[in-house]
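What follows is a set of structures to go through.
Both complexes shown next keep subunit A, but they swap its partner, so subunit B is in the first and subunit C is in the second.
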Partner chain A sequence: MSMTLSQKDAMNQIAEVHEQTVAKIPAVVAEKAKAAWEALAAEGLPAPKAEEYKYTPITKQIEKHFDFTAEVPAGKLTAEEVEALRFASVDADVFVVENGVFNPAISHFDAANYTACSLAEAADQHADLLAAHFAKHPHQEDPFLQLNTAMTANGVFIHVSKNKVVEKPILLLHINDTREGQVIAQPRNMVIAAQSAAVTVFERYRTIGEQKSLNNVVTEVFAEANANVNYYKIEDEGDAAYHVGNTMIVQSRDSVVSTFTMTLNGAMVRNNINFVLDGENITSNMYGLSLLKGTSHVDNHTTVDHTHPNCESNELYKGVYDEKSAGVFNGKIFVREGAQKTNAFQSNKNILLTDDASIDTKPQLEIWADDVKCSHGCTNGQLDPEQLFYLRARGIDQKTAHGMLLYAFAADVLENIHIDALREELEKIIHERAGY
Partner chain B sequence: MSKDDQILEEFTQSEYKHGFVTDIEQEFAPKGLNEDIIRFISAKKEEPEWLLEWRLKAFRHWQTLTEPEWPNVDYPKPDFQDLHYYAAPKKKPELESLDQVDPELLDTFKRLGISLEEQKRLSGVKVAVDAVLDSVSVATTFRETLAEQGIIFCSFSEAVKDHPELVKKYLGSVVPYTDNFYAALNSAVFSDGSFAYIPKGVHCPMELSTYFRINAANTGQFERTLIVAEEGSKVSYLEGCTAPQRDENQLHAAVVEIFVEKEADVKYSTVQNWFPGDAEGKGGIYNFVTKRGICNGSHAKLSWTQVETGSAVTWKYPSCVLKGDYSIGEFYSVAVTNNLQQADTGTKMIHIGKNTKSRIVSKGVSAGKSQNSYRGLVKVLKRAEGARNFSQCDSLLMGDQCGAHTFPYIEIDNKTAHVEHEATTSKIGEDQLFYCNQRGIDTEAAVALIVNGYCKEVLNQLPMEFAVEAQKLLALTLEGSVG
Partner chain C sequence: MLSIKNLKANIGEKEILRGINLEVKPGEVHAIMGPNGSGKSTLASVLAGREDFEVVGGEVDFQGKDLLDFGPEERAREGVFLAFQYPVEIPGVSTINFMKTALNQVREHRGEEALSAVDFLKVMKEKMELVEISQSLLNRSLNEGFSGGEKKRNEIFQMAMLEPKLSILDETDSGLDIDALRIVANGVNKLKNKDNATIVVTHYQRLLDYIVPDYVHVLYNGRIVKSGTKELALELEEKGYDWIKAEADQQFA
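And now, the complex of A and B:
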């Protein structure tokens, strides 16, 4: 692949930082970091026409705005600020990742029933666990995933041991404090649910300050046999925040993993969710909701890889695009040879509110087994004029009718959130956005 | 071996029934591709200077291009210097009636079941066949009847000679030579093809039809079809393809351009049955075709219907550019793959005008070890107020070694667009088969019945005589393949 001059510059910068990083990190991780760097160096960051990043020219933005060699400011978050940036009504163990690094000083958690520490500590205290899971997802092709692996920063490590059920949600609160200068954050989180364990993790992304920030985050989730994991990701970053997230999920037999991705703001946001179903009788659920305005851009890529028989995956992504915002959706379902009796369903629904908003969507099915039930559906349009008329005919004014329909469209995805307090907070946000 | 396997085995071993070679002396251009060859082709066909220039421009552009890699197919790349770019039967007949056609040629068509005499005698329905054997048009029937109405239906070379102003105006207007790798190659070396012109307000009284045959070994086949429908006219055009069995891969890179003016209605139907290669994937045709039509005026309508059962490797995306307000584009497709066949086909619907509508119905059937992909684009441009699209692409899998893939691209820049896409993948249900068996219908007949039902939405779009042939072809292709 040919690289542009500026891409060369960016790659040179990354090379420099990679060298420094590898020298500092534990051997378990360093080996993977080197391999990832080699793969990245060969291909480079996605070129403008790269199929996977066709609609999201994030490489261009990174080259234009970011300097990888610049020192990331430490961040000056106070406990009060942290409280203001999370949903205070949601009772949770709070882990704050500040400018890409886990900061225990402003976090508060009791970690009853499970193990929690920084990734660096995990390399010390749980070296076997880390070695067995770090970068073990079979799909390591994404250039930003490779970039994160090559420059692994210190995220949060969560391990729930066999048969333990963690009742209290775990909040990974990622805040970029750009008051002192631009921030490039590349945190790496890991959640391992051992056999028959259950846990709910939700990530929230916020920004403080007006300067630019880039989040290149990776969260690895492992659901071992019969485990149950809920993973929610709520993005509400600044107008100058760029975000690439890779959520890498590996499921073993009889496990259930449900993800929910909600994007509310950000300059350019890209979410990759990659499921590998490595066993039989697995259920995977993916839900997503994007409510965008301004010039925000969100790109949701999901991949579900069915490798074994008798599994099920469900996917529902919805988007409402206002003003000049743009949405991209690509849902891939692979059903490999031998993955018989697979049921895979996918649905993507979008509403455009203005002529300046746009949506590009590509639901994709690739199937190599015959005894399967797979379907995908996709609808794009505006609010149904007949539904509006129905409400207007009953004396509801235009603005309220519009808001009610938008709320109804968006809110049904929230039913899949199992933390009541969180769902109520999100419903409030939807009410506010819908103007009803 | 279970019964299913046995039946599958029988099916995969069924021979290609159109595999025979017509022994007619051929005149070849030397192998290879360069500017001299293009001059040779052009001179052979006594073309005007402007057309030669156009070919050369296309060739120079082609040299700057590389073969596309994005389709979901895998095949050894053809060696473009190892092909003949021109082959013509030496005994070029001067024809006024069918009696003068080389009897061996007539026999070829007869064995394909499309004997010209029979066609002529088809009660009630008149079909004009412009038969193309390799590169030179050998017979055109019913031309006089058509001429009375002002309709021009002739071979491309004749059109260049007799109607240069029309050809010059429309050639490359829908598919420019810069469009893609194979369109550029075709523009440089196209050998012959068909030309149809329907004047203003004329409804063509019969189906226009052309049968392509690839005949000589190692001959690239570069057909070029141009259809122009003037304001308020209407035409239904049929294209059918069968090719005899060969061991080496043959390349077919055709271009079809359709220009639809205001309130005109064009229907283009294809039944394609190129040789798919044998059970080991040996031989078979590469079919890399660019087909596109433009609805240039308001209320224009263009409908593509295709039944694809052949080719070792196929890429084909018949497309509609919906430029006129209220214009309509349709795409109906059945693609059947077996053995080691690979197909990557679909459509593009580009909505430019206001209140444009498009409809896509694609039915894929994969059996054996074949890979069948649907790849489609629905694009709604910013000023395409009120655009409407509905797409449905279903896949039917038979056997556990084949693959079905869908890559639908949807790009929307206008809020009033209403775009829906649905896709399902399934196999023939055991209960469906059981139901049929129980009523005394054997498994083979039941499979044919179920597949025909599954494809009905598309087959119904075909003109009568084509529908019959397509149904036979499906039954033949799917003989004994039980999911």
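And now, the complex of A and C:
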């Protein structure tokens, strides 16, 4: 692939930082970082016409606004600011990732029933675990995933050992503090739930300050045999925040993983969620809700790779797009040759509130097995005028009627959140956004 | 109470109401009958303020106010109630929440205080008994998965809650079994008083055995072509609409 001049500039910057990074990081990680860099160097960041990124031209934004070699400000977050930026009503162990780096000083957690440390410490203290899991997901082809691996920064490492049930939710609170300058953050988190372990992790993304920020985050999730993992991601970053997230999930037999991705704000957001179902009798649930306005842009790319028989995946993504906001949804479902008796369902529903809002939806089913049940559907439209008329005909003013219908549309996805206090907080946000 | 003069309405280019005249006084029950497609639901919808129809002529006076000036919610607050022929399902909107929002907006318009949660539940219990509707039904999303009869009963329940001045029931009887019909008719009769009025749109004379009308009108091809008393309904049941159609076609040819 040919590269434009500006692409080379960005790539040269990345090369420089990559060199510095590899010199500093532990060998298990460095090896993967080198391989990732080679792959990335060969192809470059996605060009404007690259199939996977054609609706989300983030490379252009990166080239225009960011310098990888510039020093990232350290961040000056105080404990009070942290409390104000999380949902204080949600009782959780709080791990703060500040400008891409885990900062224990402003975190607070008791880590009852599990192990937690920075990824760098894990490379030292849990080298075997890290070697067995770091960049082990079979789909390593995303350029931003490669970029994160090549320049890997310090995130949070969570390990729940066999049969342990972690009751308290774990919050990975990512805050970019741009008050001292623009921020490029490339945190790397890892969650391992060993056999029959259970844990709920939720990531929240916030910005403080007005300057530009870029998050290129990777979270690797491993659910070993019979483990249960809930993984929620709630994005509410600043108007000048760019975000690419790769959530890489590997499931072993009899495990259940449920994800929920909610996007509320940001300049341009791309979420890749990538499931590999590496065993039988696995359940994978993916839910999503995007509520956007202004000129925000969100792109949800999901991949579910069914490689074994008797597994089930369910996917429901909804979006409400107001003003000039834009959404992209791409749902890939692979059913490999041996994956008989697969049940795979996908649904994407969107409401466009203005003529300037837009949505591109693409289901992509590739099925090589013959005894499977797969379905997908999408609806894009406005609020139902019949429903609006019905509510108004009972005396309810137009604005309230509108809000009631929007709320009803959006809130049903929240049923899948199993932390009551978090669900209530999100319901409040939807009420606010719906104006009802 | 309601005075309709030469009301004409189109949908797109198509003329549907071609000059309707109707006077309704407090305490009266009017039945509007007529063959399918004659414009009965259109008339009901235009009165309730559905925006798909364009009013191209005529006047509608409701208690001294020009009804056509108002949006649907203002009409409802002024006391117009339409029981829909096909009530729409609204998943995710709880029936109780909806009813509370609607009632409080109507009360505010009437200069009454919003009901407390406790008072609201009390009123609701009372009206539920009136239309024999169960709590479990009201705990569900609005009309979602309701049977045809349940939807119609829910319409009458809402009517009971909102206490309108003018109720327009659009084929509320169609498709109901006799028990459901009795419940619905009973509810309507109990809500009737000397200050409110009812327009029942129906296809079948049977309903009029339960809700006895003061006047019966035949709507055909966008016009009221014949009016009479309840005996007219019996005559229609016996002789069908052909003789009326023939008369009307001749008159408006």
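In the analysis below, the second predicted complex is superposed on the first by the 436 of 436 C-alpha atoms of A that agree within 3 Å, B and C clash if a C-alpha of one lies under 4 Å from a C-alpha of the other, contacts with A are read in each partner's own complex, and residues count from 1 in each chain.
Going forward, a residue touches a chain if its C-beta (ideal position, glycine included) is under 8 Å from a C-beta of that chain, and two chains touch if they have at least 3 such contacts.
All of these numbers come straight from a predicted model, not from anything done at the bench.
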Determine, for the superposed arrangement built on subunit A, whether subunit B and subunit C clash or fit. fit
For A:N281, select first, second, both or neither according to whether it touches subunit B, subunit C, the two together, or no partner. neither
Could you tell me if A:G377 is touching subunit B, subunit C, both of them or neither one (first, second, both, neither)? first
Degrees between the directions from subunit A toward subunit B and toward subunit C, using C-alpha centres, nearest 10: 70
After superposition on the shared chain, which partner residues are touched by A:Q364: those of subunit B (first), subunit C (second), both, or neither? first
Looking at subunit A, which partner touches more of its residues: subunit C or subunit B? B
Going by the contact rule set out at the top, does A:A411 touch subunit B (first), subunit C (second), both, or neither? second
Rounded to the nearest Å, state the minimum C-alpha distance from subunit B to subunit C in the superposed three-chain model. 13
Subunit B to subunit A touching residues, read off their complex: 70, 382, 395, 397-427, 483
Touching residues of subunit A toward subunit C in the complex: what are they? 384, 386-387, 389-398, 400-401, 404-405, 407-409, 411-412
Which residues of subunit C touch subunit A in their complex? 48-51, 71-73, 75-77, 82, 84, 87-88, 90-93, 98, 101-103, 105-106, 109, 141, 158, 162
Along subunit A, where are the residues that touch subunit B in the complex? 51, 337-338, 340, 350, 352-355, 357-382
